[in-house]
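Once you scroll down, you'll see the structures, which are given as structure tokens.
Both complexes below contain chain A, partnered by chain B and then by chain C.
Then we have the complex of A and B:
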């Protein structure tokens, strides 16, 4: 007779029960948590036998995800800065740190607040929309986030509200083997405009699994940036769900350079005519890092435009995974959807996996995808050296040339410049001024 | 200035250079002519230090220093320049930025501080006129989308900015119409000086009407079969290389 292994979710059950016993919150949230937990139980812990998790080794992570975060304080000096005025919300170990946060003057009825703060007064706004976006239904970490999130950011812009200053969200973890599940809910009403920068970082060993829900009404514009610079021991498992109405525009810039394992699952539903979406990703990998992206762009309505541009620069034994799906529904005629994945390997031991996928049910569309992976061009390297430029600098120049158009697409100048410095530092270049 | 003694080199295991001897003194311009596959470009690449070109015997001395022990960037910093037969396109690296990086690399090697931005700009502008280059080419990526003529002009422009002591021109005339050829030749001639040496590699005598050499060498099967004055080029143009082709294609290299 075979021994029966204990149910995978048993420790989760205990953990969830303990968590729920402490919560004091509206019933609709409890219901969402229970439904999400049930979904997680059904999904189970991901294994590498599942296609979507084939390249994601989670064996070291499972114990971490059960550890509830501690309360901690951090020094403001540890926080990333954009060096311009911003609305800033800082979450330490998943909880709002009011002393480090500051929201400036906002248009009437607009809101940028911590969830826990806003919930008592704004249940009526939140209840119908929270966790209502489609996408990531089979993503266990999205389910875990909905079950276990403690706090997060709530951003609401009424019709025609335009916020010039970036909304700067910092999800910081202080380590000590714990899992944090920060949440972001953003809703832009008709013609509203916002720029959001989400920074994920921390120290030591932890799992950061934020979930963002971004909803855009007619004609709204969102520039969204996820800057992942987690600690080298960290696991990062983020989920982003987007729903766009007619003629709305999103730019989603995803920069990844930290963590031992960083994975982002993104689903965008273009749910109105003439919706536009750009997803621009840059991954820098070194040592044993894994940078992993799973994207699904769903064209549900005609005349939509989407573009995915993903690049990775891989050193050491690092790996990148790009799994990108464009799905065009039968009704979504005149869709223009493009996908590009380019990977630069700087070592013989680095690996890039590309899995571009198209599913097109409409018959009048423009869709294209391309993927390439290669090493630095030895002819270009020699050309630079033949002009006196040392080998290391020649290689760095070529890597920067490869990566920089990803950064050029970022309109938010202080962030673009900061990331360019991150890149220059990684490449040990003194200055890239003028290029 | 440049001394090549008994130089043997292989590419992918095949013997291409079979004992070259050549001495170029400061102020001299030497031309190397020869049929396709005679080893002309191999010689240029061996001098510049390109990977894949293996020297099996002999030596090259540059102002008495052992050139073959230096990596390519050190050779460049010592004052050697190779004008490429096929200049490489480098998307994403602006021409001007690249030049400044090169100038500063050479200055650093000499123990000098980085070039002053204004001085550099003045130098660049002055040299641009020399090769009739348009300012827009400075902002474009290195050689990207340049026509054949623009690429060759860019090589001469880089040489004019870097001011090497010795330059190897590897088939700088290939793919140029007569007007572009004159511009390139004028650029080279403007740089000729009593301190500077040139090695001009070409298949055709035409270039040597404009860059008039002091000495002409005929390279056949990896050896210098004949040397003479500038009149040798004219003779070759008339007679062709047939006289020298004892073993046709022996040194031809696969591309």
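Then we have the complex of A and C:
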């Protein structure tokens, strides 16, 4: 595939052999790992000559992905909090930290646990479904995650189970040039409902490559939030793949403000009639940051609805990349799919790349997309200044309004308010709420 | 639409009315591509040494290139050694001295096509340069244009008569290394049109080239170069047809446009190459590189295209907006039916300050047709206050076809404003019902709605062309819905 792949495969081979030698786990997992590693070898290390990686410069990252994480302890004060009762699982350098985690009372047969804890008793439940979703097959970091994950979160809700408290997952990395591959597997049976918040954080230099698999049965509802506030030196390469059955609903909220390079690859398969999916993204970029999103919504069945709304606010020399695809299969008639990408460039050196794509093979559909990139509207600026608001404040107000539109879609109040504060700090403003 | 019965009858007889073959003595070079073939083409055209060198450099570069795979089109690999790279109607003596000397058989071909050559040209007021397979057959209206200092001739003639101009501008917009097909064209291009409008001259008539592929197993590789000097204006039309054949034929053209200060070029195409039969056999592979350079300030390039033919269309007429305040426009209607595939769009590269571009693309898919819009809008860091608006609409007719949109938007200057919108829909039952209720037949209603859908683009075409395009689309979509 690429010229570099054979050169690299040797150290990866050694690393993988050493990793496999220490693992004590059921055979089906070893098989998955072997298959994933083989897939990574065929895919090779992504280069900028590949269309999907054109804007993602990974040259500084290669060495990092080989370093195995160390064990470390962190202070509970460093962890983000939602300030309301939650089920919390904290993973430090990819391993569950039981002392920092707490799972409250759950409905019967429901499970929120670390993989390492749950595997011995529940492999019959996990085996048929783990790594079974079709998405992200050509994503090298999804393959690396499956080959190298050590621990992760397992969330299972049986039929009709509704969990009110949010499930709060923290993937924390303590730095020191290493790669962590946390994993999330979530399965909602018929009519089950859950709210999940995944927070990615850390300190120093590291690569965080989490992979989430989300499966929803008939009528299930999931509100999923990924909050990426990695350290400024970190690389974040996350993968999310989703399969939705009939009449299920998901809201995927992706917030990104940290890391030197943050990329999320998302694939949603709407595999049942009347499935609904909202993907809502907000990227705040400054200095040399790159915020990179690659989405694919696959409409496989009729009457599906999907909406993608992505916004970015870019300062300094930051860059945003939005590559969104709506793919409507032949018999997915009556699909209603929408895609919006809006980028606000606040500095001379900021860059936005938008690539909103539609591939439509059914004729009775409503599909549309729009993209706009630019600076603040001078008329709006003038309007505010004419009312005595200084220029700097007027601009901050307008930027805040632009970004806040994304936050208002988040139903989880404590998270929305916290992110709004992050936004306000970025814009050097006190929260404008209520003014 | 009163003659719709007639139209139907015409259709029943033949779907592609330009599918005839002209029996004419052809001089063809044996299939195959190597340096000798290129030397031969160059020698036949009595080209200067520098041009031969340029061709050979391109050819050597082509050997190192690979056929692009990124477009959303699907076709078996092309055997470049099975194609003949030169086909010319055999000339008696030294070639025609005036229009009357042109082979009558050839004249009849153009008459069948409705090309206003000779007297017809005067009526229609269009100057035509007709390219038959590889060579330019005749150029009408030459004298009248020459009075104004306008040069409108075949490319080979331009190489002989105006070598400095050709040498200065050839490859300046589409360099020989540009892409696989442009490089191939640079190596083997046989003829095409050359236009030069001197400073301050407004070309009094529409200039037009008609391309036709006649011989089998040949490729057509024409090259067009249009230069509008300071303050000049020209409107240029291009039309294409080819006979019906079962095998696929390759058409890989290059068009280069250059506008200097305050100049404007309007380039319109109605492309109706043979699209293949209803099962997808045969048809033209239309792999074309078209690009314009707005070199001077306040200059403008406007592309209008109606793409109805070809088995595969791979074409991205582009504008490089280098001059300050320069303007680029792209208006396109692309129709695919049966097994046709189109991957078409534009590139707008904003370099200069206050540059503006507009993109309007309408895609219509019917039958098993696949229609993709692929476009790039790039705002470079120096392009202060650049503006772009893109609109891409797709209309789907039938459940076997596809419509795809792949816009690339790259903005590197915060003062730029770039907006893109796209929609995909089908002709709604409500619209049809509304028309039928008022006594309009389904067929006519569809054509009415489709014409409305394309109107924004058609209004950019010169009038005769707009009428032709409208008819062509009616013919094309006959029987697709209902």
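FYI, the second predicted complex is superposed on the first by the 428 of 435 C-alpha atoms of A that agree within 3 Å, B and C clash if a C-alpha of one lies under 4 Å from a C-alpha of the other, contacts with A are read in each partner's own complex, and residues count from 1 in each chain.
Note that in this section contacts are C-beta pairs under 8 Å (C-beta built on N, C-alpha and C of every residue); 3 or more make two chains touch, one makes a residue touch a chain.
Given the structure is predicted, the values throughout are model-derived calculations rather than measurements.
Q: Under the stated touch criterion, name the partner, chain B or chain C, that contacts more residues in chain A.
A: C
Q: Pick one for A:404: touches chain B only (first), chain C only (second), both, or neither.
A: In the superposition, A:404 touches chain B alone.
Q: Which partner does A:124 contact after superposing on A: first (chain B), second (chain C), both, neither?
A: Touch partners of A:124: none, neither chain B nor chain C.
Q: Touching A:343 in the superposition: chain B (first), chain C (second), both, neither?
A: It touches chain C, and chain B stays clear.
Q: Does chain B (first) or chain C (second) touch A:73, or do both, or does neither?
A: Neither partner.
Q: Looking at the overlay, what does A:21 touch: chain B (first), chain C (second), both, or neither?
A: It touches nothing on chain B or chain C.
Q: Looking at A:371, would you say it contacts chain B, chain C, both, or neither? Reply first, second, both or neither.
A: second
Q: Output check: A:388 vs chain B and chain C. Expected answer is one of first, second, both, neither. What do you get?
A: first
Q: Can you tell me which positions in chain B touch chain A when the two form their complex?
A: 48-51, 71-73, 75-77, 81-82, 84, 87-94, 96-98, 100-102, 105-106, 109, 141-142, 158, 162
Q: With touch defined as at the start, can you tell me which chain A residues reach chain C in the complex?
A: The contact residues of chain A facing chain C are 51, 330, 333, 343, 345-375.
Q: Residue numbers of chain C touching chain A in their complex, please.
A: On the chain C side, the touching residues are 70, 72, 381, 394, 396-426.
Q: Would you mind writing out the residues of chain A in touch with chain B in their complex?
A: Residues 377-380, 382-391, 393-394, 397-398, 400-402, 404-405, 434-435 of chain A touch chain B in their complex.
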